[in-house]
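Listed next: structures, encoded as structure tokens.
Two complexes follow with chain A in common, the first pairing it with chain B and the second with chain C.
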Partner chain A sequence: MLGLTSAHKTWMHRLPVGPKLALLALFSVVLFWLDNLWPMLVALVLVAALVASGGAGFARQALRLLQPVWFFVALLAVWHLWLNDPLNGLRIALRLVVAVTAANLVTLTSRLSDMIDLIERLLGRKVALTLGLALRFVPVLGERAAMLSLAWRARSQKRAAWRLVPGLTVGAFDEADHMAEALRARGGLV
Partner chain B sequence: MEKNIAYVALFAALVVALGTTPALTLPGGIPPITAQTFGILLCGTVLGARLGGLAVLVFLGIVALGFQVLPGGRGGLGVFVGGSAGFLVGFPVAAFVAGLVMRASTLPVWLAAAVAGVIGGIGALYPLGILGMSIALEKPMIEAAVACIAYLPGDLIKIALCAAVTHSIAQMRPQALLSRA
Partner chain C sequence: MTGTGAVSHGIDLTGAEVSLLGKRLLGPVTLNISERRVGIIGRNGSGKSTLLRLIAGLVAPSAGQVRVDGIDPSGDRKGLIARLGILFQNPDHQIIFPIVEEELAFGLRQMGLGKVEALAQAKARLVAEGRGHWAGRPVSSLSQGQRQYLCLLAVLMMEPATLLLDEPFSGLDIPTARGLAAHLARLSQRLLVVTHDPLVAQAYDRVIWLEGGLVKGDGTPDAVLPAYLTAMEAADAGPDFGA
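What follows is the complex of A and B.
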């Protein structure tokens, strides 16, 4: 499982995560509060300049992350052409694109370990630990699912699909019991 | 304490695994219709309101950290301001509500899970998802609701599967059904 932190190092990677997130929150609030086309275009230019400042490879990555937005942009285009109100449609679509790109910029330029450190500082050790454990067990459960699926295919020609899920879930319970014991054996959480 | 953390972590991982393991994705592989909502409801019907809701919150944490674990390989902070952000916010609520219904009803497990799935996965989730879409796209709630109808058949299938899986977990290991413990 891969995170989204960009391998194309930019100057934005060197900024600390906390201020970046605070800035993003502020930017998003302002963006949703604006209801004019011109400030929206300014925001677009700003975000586009930030993306471009990271170089071509970085920009391509940021563009690829916009993929889920195009569906909504297309929906808005059809809708507002039909309403005969293209300028408003353009403004709403721009806001969506700018907001998503700005948020993705923070994701692309922040290291996973820095973000988990921030979570630990803000929300406490238990939350950070739970998150870390969950991340660790994603590949474990993935492997188990693959194994169950192989065992199914060795015995049946039908598709297994959801029939594997009860077994996988009970397996997750066993794994959780082991993990709880291991945590307690190491002194537990106080 | 350790046990609760372990259950929450494992079920968050399970939601990721259900959405990203090709062997487990449901038929009709259009990106947004995968096993993920199924996993989210399962958190509620199996772990119960509090732990299930927390497990889904941890799952959202994994999304926010930048792992591409949502249907169609989406992830990162961007999805929390996009058009379907309301559904993301609604996920932990859906699990929580499903857990509450499981606890409150005295119906047989499979039926209780189906009812919990409908109330949590549609009754609680859709209004939040529709509200989010109507804010992001500046459309009245009614129009946003029309755009969401396409997901209804898929979600009903997933609720039925969630009921079947919860039922077979209750048979295999009754003590694991923490929502009824």
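What follows is the complex of A and C.
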């Protein structure tokens, strides 16, 4: 999450985050309004052109980020072929790919701290801080899960899987307590 | 050398107690602490960390009174954080933000600085410490010793006159621990250090020995440490995990 901003600098990096997000919102609303296939194809060409304008390295990165989407596209294709409604399937798949690509464009070309700043201006310091805390704790909880899994395997031949969940949950509450104390030690949310 | 914004007159505890769920963890304790280097020693569970949290205002006294330079630590948070900083035993319990410079800037913003100014000071401090390249790094990429150091920097940037440290050397390798000790020795702040290491406490102005939540010994290292070590090595001193 921390490394999602693309290191391939593009002209889009220089645009401020606020207008980018506003454009994305507008673009997505219009995209879901469209019923006709042709304007949708125009939207697809538009985002493809934006991706291409960032250069080859940037485009490769944007394509890689689409990987999880292809699975859903395949699922949609099978489902709508089975329903004998391929046109509708194509429409939904197009929407999905175009919307996700557009959203990724914003993520790839914006610094995380700029995003958090924007959220702070729009929704206040508490919400922004919450987002920052969530990002801080994704790697921490991941590490804890890995440690618990190692501790399990050190004393068992079987894999741990779901049985680690209670320990992880208790651990998360524990982390929350420590975090509250750390915030308090430096003045809390004032 | 780190300059301090405020001058500390001292810490006063008067019959202070901390109880949790009807169980008394600490006290009653009456102490006046005005020395520059103070060690707090005692066995596991003797109330050392509780005493630090009480002085830092992270827990309120269930009886008695605590004052840091005349301020009530759990009541006047804003006044306290400008005067006193605390370093937790585990840096991961202390670090709030994912990026190094944000962690350093947080305390300054808490003290009323604007975001841009706070970040600029954080960066300048890192550069001054020879770690300018840390600014944009994720905290998760730092080692244990580096995280400990980051926590110390974050607290020092708030320029407190008093610094509380909970076993700052545990978990560090010998060179790292020695580096930290040298860094601490150069500080002009008043230091209150919880430690298990008699060698560390030997160099301090005063040593306070806690046992079962009460003060068992208090004075110069020469007056307190021999009795402490004798008690720790006595035949009836069972291990903490004993029956």
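Quick note on the criterion: the second predicted complex is superposed on the first by the 167 of 190 C-alpha atoms of A that agree within 3 Å, B and C clash if a C-alpha of one lies under 4 Å from a C-alpha of the other, contacts with A are read in each partner's own complex, and residues count from 1 in each chain.
To be clear about the criterion, contacts are C-beta pairs under 8 Å (C-beta built on N, C-alpha and C of every residue); 3 or more make two chains touch, one makes a residue touch a chain.
Computed from a predicted structure; not experimentally measured.
When the two complexes are overlaid on chain A, chain B and chain C sit side by side with no clash.
In the superposed model, B is the one of chain B and chain C that contacts more residues of chain A.
Once the two complexes are overlaid on the shared chain, A:Leu96 sits against chain B while remaining clear of chain C. Of the two partner chains, both chain B and chain C are touched by A:Arg184.
Using CA centres, the angle subtended at chain A by chain B and chain C is 80 degrees, rounded to a multiple of 10. Judged by the touch definition given at the top, the superposed model places A:Lys126 against chain B, while chain C stays out of reach. Legend: residue contacts after superposition of the two complexes on their common chain; A:Gln61 is shown touching neither chain B nor chain C. In the superposed model, A:Leu135 lies in contact with both chain B and chain C.
Of the two partner chains, chain B is the only one touched by A:Met115; chain C is not.
The least CA distance from chain B to chain C in the superposed model is 10 Å. Taken together, the two structures place residues 2, 133, 135-136, 140, 179, 181, 183-184, 188 of chain A in contact with chain B in one case and with chain C in the other. Only residues 56-58, 77-78, 81, 85-86, 88, 90, 92-99, 102, 106-107, 110-111, 115, 138-140, 154, 158 of chain C touch chain A when the two sit together in their complex. The touching residues of chain A, when paired with chain C in their complex, are 2, 113, 117, 132-133, 135-136, 139-140, 143, 178-179, 181-188, 190. Within the complex formed with chain B, the chain A residues making contact are 1-5, 24, 28, 32, 65-69, 71-72, 75-76, 79, 88, 92, 96, 99-101, 103-104, 106-108, 110, 112, 115-116, 119, 126-127, 129-131, 133-138, 140-142, 145-146, 148-149, 159-162, 164-166, 168-170, 172-173, 175-177, 179-181, 183-184, 188-189. By the touch criterion stated above, chain B contacts chain A in their complex at residues 1-3, 5-14, 16-18, 20-21, 23-24, 26-27, 35, 38, 42, 46, 58-59, 61-62, 65-69, 72, 74-84, 135-139, 147, 161, 164-165, 168-169, 172-173, 176.
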